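Letters A, B, C and D mark the chains in the order given here, with residues in each chain numbered from 1 onward.
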Amino acid sequence: MPERLTPEVIALLVSRDFADGDIVNLGVGMPLYCRRVPPTDVEVLFHSEQGLLGFGPIMKEPPPGHKLQTAGQQSVHPMPGMSFMSHDESFALVRGGFVDYTVLGALQVDAEGNLANYQRPGRITGSLGGAPDLALRARHTYVMMTHTSRDGEPKIVERCTFPLTAVRCVDKIYTDVAVMRIEAERVLVEEYAPGWTIEQIQGITAAPVAPAPDMREATLA
Amino acid sequence: MIDKVVSSFDEAVADIPSGASMHVGGFGGPADWPAYLIAATARTGIDELTISCCNMAGVGPEAFAKMIVRMTEGASPVGWNVAPDHVTVALLLERGQVRKGITTFSTAMRGAMKSAFESMVEQGRTELELTGQGTLSERIRAARAGIPAFYTPAGADTPWAEGREVREIEGVRCVLETALHADFSLVRAHAADRQGNLIWDHPSSFNATMAGAATMTIAEVDQIVPLGDLKPAEIEIPGAFVNRVVLRPSTPMTSWREAH
Amino acid sequence: MPERLTPEVIALLVSRDFADGDIVNLGVGMPLYCRRVPPTDVEVLFHSEQGLLGFGPIMKEPPPGHKLQTAGQQSVHPMPGMSFMSHDESFALVRGGFVDYTVLGALQVDAEGNLANYQRPGRITGSLGGAPDLALRARHTYVMMTHTSRDGEPKIVERCTFPLTAVRCVDKIYTDVAVMRIEAERVLVEEYAPGWTIEQIQGITAAPVAPAPDMREATLA
Amino acid sequence: MIDKVVSSFDEAVADIPSGASMHVGGFGGPADWPAYLIAATARTGIDELTISCCNMAGVGPEAFAKMIVRMTEGASPVGWNVAPDHVTVALLLERGQVRKGITTFSTAMRGAMKSAFESMVEQGRTELELTGQGTLSERIRAARAGIPAFYTPAGADTPWAEGREVREIEGVRCVLETALHADFSLVRAHAADRQGNLIWDHPSSFNATMAGAATMTIAEVDQIVPLGDLKPAEIEIPGAFVNRVVLRPSTPMTSWREAH
């Protein structure tokens, strides 16, 4: 099998869409790589669930007692224009449709755009976080994840078998193998990682995939 | 004269009875948690609590201490999670004081460890009501704002919002959610005055949302300033929503078991 | 007929109940007299609808451009502890039950405690202001008004004929003639203005009035 | 680079079409009103507007000017209500630009005068939807917050809330109210930065409530400050809710008819 993309590269692919003034919410885990590779020529406002809008780059060595953190507890720098609000106002912003992009991790995504990312099967506990509102109400909902689970199971499926976080909400899926969009209940491959063929991608995907009309090799140019 | 300042955490929580419902602020780092109020609640020994808290995925201090002992090959456990500065609601869970938790995070972030909540749920000792942050924060805000119920799109046609009334409003399927009021709200703020006006120096998260959404709101603060020091436009939560204010010790205490 | 009480005196009668820490909202017109006679020994926080809590005394000669005003556009002094909020947060406070006393004017009040104060009969416009939420949700809803209209018509009636602002909400009525409480759909006179008899009060009231067990002459002592 | 600053009021409102729905801030004194934005809207001549505004009880400037002429025995009308600093939504009402008003005040405070709204309603030219401030502010907040509908006790069993669905929740009769979204929000704030972050130096009233409750939010401000000057905890409305910012002239203009 050809090589898979690193999280940094996937983050760069995701970030290409961000434009001046866009508000972007990054889920914990892999999506936070998008904060490490901010577009330098556009002014993007990063939002974090606890009421933080417009935070700066991730801090390498935070001083003791540093309070400014992302939802995933990474310490971050302040930024001019940054604002604080309560959790209810923070989700007014989300639910009101002011978030342009949300980038979320997933356990499963399916061809209808349904998202499952809060509970593994067989478990009786789980974690929804802010995902239900973000996934439903952001202008663009992107999933960023490894194409297959640690056990090699496909995470892109025909119909999710894991409990759903939100229905019909995912626009695009960015994995270490491909960039796909959900369209009319189909998974269309827009870009593939260098060396990968559509057949190889289909081989590790449990939903039928089809090439988008403009399918191309993923590049950062 | 209005004076909401209470001199000790033990006094501030003394009237919380077993079986009470409580909103507990807290989200990520130590600056978000009403840690001394939680520690004092643990010391009262009350149980059968219903706690709503955004993040109940913490590892309890006992489990954490054991892990530290293991990791340090038997050295005395003085881990960060034991001093009250780093207490979270996991302390109450681990000690079996919680009958039900309403939360958005119940599983530990890191795969290998189990949260105190998970252990209690698996043992059948604690009930879990899982919801999303938008719904939880809006339900609590609704309690403060006197809105008995509202419709929201989050959760429609998902298992976690099963059983709610569903209604299509302007083409969007919405679920009916009700105000979540509590007997007590324990919140953390940066500074207060004697009237209970509160300000924050970082995002207030659920701490501001929960202030006023209970019969009795108790705020744990880093500073108490003279009345008039807080500017009218800077006050995030007016004292109207706050009943008691307690000042954190200037020198952090070393064990949550220590009376204060 | 004996002399009627002045608004200043009625305001003093109303203000007797205010205690330390109470939040008080005063309607426009006569109720605002309660801000002119604040209790000096208790710390009362006056609330105004547009998001003002804890404002100070009314200003005699406001400087040009002075922005701090009551809902009735009287300029007021700032006070230590004062806070500002948005209109929605201001009514979260009202609807949430944090206002201890609201003192409102009325066109009619009835023996059920119903309040009519937004529209005169025959008119097709009116003004509700913040009254519906204040009247329903304040811990104590007091009406402060002249006992009869300018035309001498009774304003306390058996059942309101004017459109209702809010139902079953009025606890007490303070007029230039008496202090009355609504109890079990009856109007009980607690205090009468010096010289007035219960018969004289009944004579200008269109609902049956009865003496409260502890009826007494109104005093400010 | 984000730059929401627009150089003129005429430019800021140029794309408001006839028939648009508009939230207009404003409550009491001149500092509460987006007066220059209202004046610019009047200058466009658009009509058939649906306006939600807390206070639509003002006397229009034409009526006011006539009254001044009468009172001053024919002297030229330079009354306070004619200069744009003192314009209220009554200007749009008086000029017949409003098809419907959603408000809490429609009658003039002082008995003898008639509000512009009253005259228009009596002539059958404008429709009135009267509501309470708690309901109006919560409906507008719901629009910003993405809450399609909510229950509130205000209005149950009263004529002004007739026709709404009524439901008893925990023993309290409540009416169902829906989010009130508009095409445009015109709001007034004290200061802004180029990202549209807003602060106030007195109560923000409906101006903060309306920011974000429309497809396009336009803020009229006394000051524009460099990015970073507004402290994160001091920002009442983040720029996320604001699309355009316009600076008021440092020298007040003398007539609302003057282009700006």
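We adopt the following convention: a contact is a pair of C-beta atoms (placed from the backbone, for glycine too) under 8 Å apart; a residue touches a chain by one contact, two chains touch by 3 or more.
This is a predicted model, so every value here is computed, not measured.
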Pair joined by the larger number of C-beta contacts - B-C, A-B | A-B
Label of the chain whose CA centroid is most distant from the centroid of chain A | C
Euclidean distance of C-alpha centroids - chain B vs chain D, Å = 38
Measure off the straight-line distance from the CA centroid of chain C to the CA centroid of chain D, and report it in whole Å.
-> 28
Chain B residues touching 2+ other chains are 138, 141, 145-147, 152-153, 200-202, 233, 236
Two or more partner chains touched - positions in chain A | 84-85, 88, 91, 94-95, 133, 137
Considering only which chains touch which, label the overall pattern as line, ring, star, complete or other.
-> other
Could you list each pair of chains that touch, in label order?
-> A-B, A-D, B-C, B-D, C-D
Residues of chain B defined as touching chain D within the complex = 138, 142, 145-153, 169-170, 172, 174, 178, 199-202, 233-234, 236
Please give the residue numbers of chain B that touch chain A in the complex, ascending.
-> 27-29, 31-32, 54, 57, 104-107, 109, 115, 117-118, 121-122, 128, 130-135, 137-138, 140-141, 152-160, 200-209, 236
Touching residues on chain B, where the partner in the complex is chain C = 1-2, 141, 143-147, 193, 195, 197, 212, 227-228, 230, 232-233, 235, 238-241
Where on chain A does chain D make contact in their complex?
-> 20-21, 23, 43, 45, 53-54, 78, 80-85, 88, 91-98, 133, 137
Which residues of chain C touch chain D in their complex?
-> 28, 48-52, 65, 67-73, 84-88, 90-91, 94-95, 118, 123-133, 136-137, 163-167
